[in-house]
Amino acid sequence: MTLKYLIQKEFLQIKRNAFLPKLIVMFPIVIMCVIPWVMQMEVKNIVVDVVDNDRSTGSQQLVHSIEASNYFIFNGQKTTYKEALNEIERGKADVVLVIPQDFAKNVAKGLTPQVLIAANAVNGTKGAIGSAYLSQIVMANALPSTAAIQSRVSTLMLYNKHQNYKLFMIPALLAIVMMLMTGFLPTLNIVGEKEAGTIEQMNVTPVSKWAFILSKLIPYWLIALFVVTVCLLLAKLIYGISPAGPVWLVFLLAMLLALFFSSFGLIISNYSDTMQQAIFVMWFFVVCLMLLSGLFTPTRSMPHWAYLTTYVNPMHYFIDAIRTVFIRGGGFHEIAHQVWALLGIGLIMAAWAVQSYKKNS
Amino acid sequence: MKQFVSFIVKEAKHILRDKRTMLILFGMPVVMMLLFGFAITNDVKNVRTVAVTSQMDHLTQAALERLSRSEYFTITATVATPQEAEQMIRSQKADMAVVFAPDFASKQSGVQFIIDGSDPNMAQQWMNYAQGVITNMQGGLVNTKMLYNPQMKSAYNFVPAIMGMLLMLICAMMTSISIVREKEKGTMEVLLVSPVRPLLVIIAKAIPYLVLAFGILITILLMAHFVLGVPLAGSVLWIIAVSVLYILLALSLGLLISNIAQTQLVALLLSAMVLLMPVIMLSGMVFPVESMPKILQWVAAVVPPRYYIDAMRKLMIMGVGIGEVLKEVAILAGFTVVFLTIALKKFNTRLE
Amino acid sequence: MNAIEVHNISKSYGKVKALDDVSFTVGKGEVFGLIGPDGSGKTTMFRILCSLLCPEAGSATVDGFDVVRKMREVRCRVGYMPGRFSLYQDLTVEENLKFFATLFGTTVEEGYDSIKAIYSQIERFKDRKAGALSGGMKQKLALSCALVHQPSVLFLDEPTTGVDPVSRKELWAMLGSLKERDITIVASTPYLDEVRCCERVAFLDRGKVRGIDTPDRILSEFADIFNPPGIEHESAGKVENENVIEVEHLVKAFGSFHAVDDISFSVKKGEIFGFLGANGAGKTTAMHMLTGLNQPTAGTGRVAGYDIRTQYEQIKKHIGYMSQKFSLYEDLTVAENIRLFAGIYGMSDAEIARKTNELLEQLQFTEHKNTLVKSLPLGWKQKLAFSVSIFHEPGVVFLDEPTGGVDPATRRQFWELIYAAAARGITVFVTTHYMDEAEYCDRISIMVDGKIKAMGTPDALKKEFNQPDMDHVFTHLARQATRSGD
């Protein structure tokens, strides 16, 4: 079994490298410890400036309820709209609320006075959510009847009951770490042997293409296994988050993703002449796959042509499936479709990796 | 001087000969701009909604009509029980369900949204939108004005971020590799023994990348303006000036990496993986720095792209004058000086 | 004033003392040789003199400037060709030369005279990328790049490794002419004929100077090291009448360039076949076709009974190969390398363990079993690489310049290993630029410009061309070809 010796060699080479073992161990740990804290897209702490032209008890009440809300930080009253706008320009405030003159009086009369909410929409999400919250507060304050309607509408949030953004992002983070570890390392492997010249010696041995490529893939699968384990343990220890569905499915999905990325890395490695070329090409694909996978933004919001690409994007299948297992507690039945898709794409890539390795020119 | 020029020419040839890398270098910004401009949005759109109702009366139908007529929601199925709806959400056939109470028509009440809360942000937005549509709250009470980005395009937010990321990674990666490669192949030995000053060697190496990065910058700006319709609200001159400062910063960071790394493998992994993460995660590019815990905010304070992205958002989108971003510019300049000094100090003029 | 003065220089890497209290002086315009076995500290000495390394103790001056304190002045005055001079692979031959010329503040035209002897041979490839050149041609280009400017002191660290004998002679003739311009030259070399071209040589051994004198006196004083007695080798008898390699009308073309142009020959079982030729004659390309790395453009061939066109994967099971570039994994230990390659050829763990110990004992390597290959001296690496390539007892072993840059004593040991292998019935197919090694072969062929110009036993060839030794035979043939090539 020549494979055994080849795999041993790969491991020894990784071990001997002064940098790789540190990277393999430290990278997932640091990422898991730091990044979940960063991935807060919860819109909170929106800084509000109020321009109160009414100065009645009614408007005071409105201001109080803004102060009381934990979404907003009340920055203070400004005398003019212009002054408040200036604050936004300098990044000191995010939203301005302008209460018109005679606001309370008009509300009492049953008229609809015009309240102006001006939000900094450079960051669209933040602007939209911020102004939506704020208008809700205004409505509830000004029109008790809408408040009544609102109270009759109830909402049940499934799965992520506490609206914990970390729970949503940790599976995504797992995907990112897997992608970087099992994608970039193999990309540099074969092209590295090409540059060192040792590939020639391998090519005159009777090693079969399959054995050679497998010996390059298997170490990265084992690394992937290690990475997943570390990530799951840390998620449990630090954030108290563990998969809602079966853990073996998480491992299965991770290994399928590793199959794809390691094969893909080797394909690029086979076609590249220099390490620099290889890493740039890989980097390009990694960024595209990641952005179009629904990792950060919902795939359903994409235009149709872009949505079509998700059918061949293994990262999309992975993200979909891992979130179903991790957050929604789905079982194999729920993700069967994604598993087969990942397996199919992975096997095609592995076959291509073998085919693109040329022992003879 | 002649040596200097021939050095730059040589370095430029290295870049130009590698067609694939060139393709990626210019393809990357174009593709990313197109993706962010047209493909990737946070908009609430096509949310797959299940209606749960036992009897389809007139009012229920009207409410459903309103939902499906809005571009936000698509009614994909109508089922009888909330359990069925839940099962559909779990198996990812739907994103949310609207449950009408049996006495919905008579009492004008009893609507429940069952929402897949996996993504808290989107869930929140779906809820807001659905509430608005169902309760038909379109009172003229609140007049909302979206400043700087009236159509709520995410491109406005992302263009500065892409510039920050691409310029940093391309410059840092390319310079670090180009020096380490000479070390690894042994040509550095000859360069060092030549009469050319080491400082000139380094500057000559940086110049082609500066030009290249400048080309990429112009590509991004042109794409942003003419393809994505992002207004260049501020002075173009200042945008370019600040960007060049940022490119210099990235180049010095590349030099620094090349001093630490002894092999191409290490330089590449350092710049592609280790550098990439803080640049994307801590720069405020995707995740707002303000919502991070205090410690990480301090860490983020030393991630240079953050200041560049901030400055660009203000200069490009908000159109403020250079006076408003003096702080950012000063910090970027400070980083450049520090990185460059360390890089040059640590640059080995000998082999050890 | 002396061009170079070295006083009591010491330098160590960790525990290893690379240089130990070394002192010597080189006069202006002198051609000075630094010789000694692998790992004797020659490269460290060069690097210190070029101000690339700082000595731990002692001082040295070049052209009157201290190498530690006056780094810039030194660097403006010296030229240096490191042992592993590397070219920019993606630049063309001409671009490389131009770049290095400008780097040293001169132009190709100005320096052309001093590199003509060597550069003229590769000039017709001037638009080719350096990465596409053969090993020897790269070396010639590197030499041209190092010599294009005329510094006052020139350091050459084994400049002729992998360069064919004719070009080596031309190079040294040219170095001699530099002397007239008062250029001081310090060179290291493993070739004895080149050592004799120096005016004085310093013999370094394990970091210490063992002697400084004229080449003749040093060579006779340390004859056991430099001039080991030739190897007695009785051939013929065991060579069986069975062809292991048969080649007919083999051609390999890259575009319109015929690297290998219609060659035919056969090698018998147990024979040591020397495959000689000038740089760029097509030796490596031919060898790549025989080992299944390259497909021939035309012609047929069989190696170990298998067709080189269709059954190349079969061939690989029955051959060993040692490439021009060093072919073991540098980041693995000696034992790990043996284990890897033995495992690839399907040996069992127990068999590997037993044979590994046997081999290491035979090579007297046992104490280095767990040493990283990276840290071994070149000669040892080459012996090890050869032993690994025949570890699975192949029918044929292909050796592509196995002894380039190796010192005489180690080369002799290397050939003992080759003879031992041949005695076991392994056919040896070897290329070399050492003409004394050519004499060791049973039969040789000399390739010129892609064609085989002569073939036969060394004695027969000497008779045929009426020359005293192989060196002259080679020079005679190669010179002929150079003329016809122009």
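Order as written gives the chain letters A, B and C; numbering starts at 1 within each chain.
FYI, a contact is a pair of C-beta atoms (placed from the backbone, for glycine too) under 8 Å apart; a residue touches a chain by one contact, two chains touch by 3 or more.
All figures in this text were calculated on a predicted structure; none of them were measured in a lab.
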Pair exhibiting more inter-chain C-beta contacts, B-C or A-B: A-B
Label of the chain whose CA centroid is most distant from the centroid of subunit B: C
In angstrom, rounded to a whole number, how far apart do the mean CA points of subunit A and subunit C lie? 54
Distance between the CA centroids of subunit B and subunit C (whole Å) is 53
Whole-Å distance, subunit A centre to subunit B centre, using C-alpha means? 12
Multi-partner residues of subunit B (at least 2 other chains): 18
Can you pull out the residues of subunit A that are in contact with at least two other chains? 17
Provide the residue numbers of subunit C that touch subunit A in the complex, in ascending order. 291-295, 312-313, 316-317, 319, 321, 323, 325-332, 336, 339-346, 372, 398
In the complex with subunit B, residue positions of subunit C that touch it: 47, 50-54, 71-72, 75-76, 78-82, 84-88, 90-91, 95, 98-100, 102-105, 146
Quick check on the complex: what are the subunit B residues that touch subunit A? 18, 20-21, 24-25, 27-28, 31-32, 35-36, 38-48, 86, 89-92, 95, 108-125, 127-128, 131, 134-135, 137, 139-150, 152-154, 156-157, 169, 173-174, 177, 181, 262-266, 268-269, 272-274, 276-277, 281-282, 286-288, 290-293, 296, 299, 310, 313-314, 317-318, 320, 324
State the interface residues of subunit A toward subunit B in the complex, per the touch definition above. 17-20, 23, 27, 31, 34-35, 37-45, 85, 88-91, 112-129, 131-132, 135-136, 138-139, 142-143, 146, 149-150, 152-161, 163-165, 167-168, 180, 184-185, 188, 192, 195, 272-277, 279-281, 283-284, 287-288, 291-292, 296-298, 300-303, 305-306, 320, 323-324, 327-330, 333-334
Contact residues on subunit B for subunit C in the complex? 2-3, 6-7, 10, 13-14, 17-18, 185-187, 189-197, 349-352
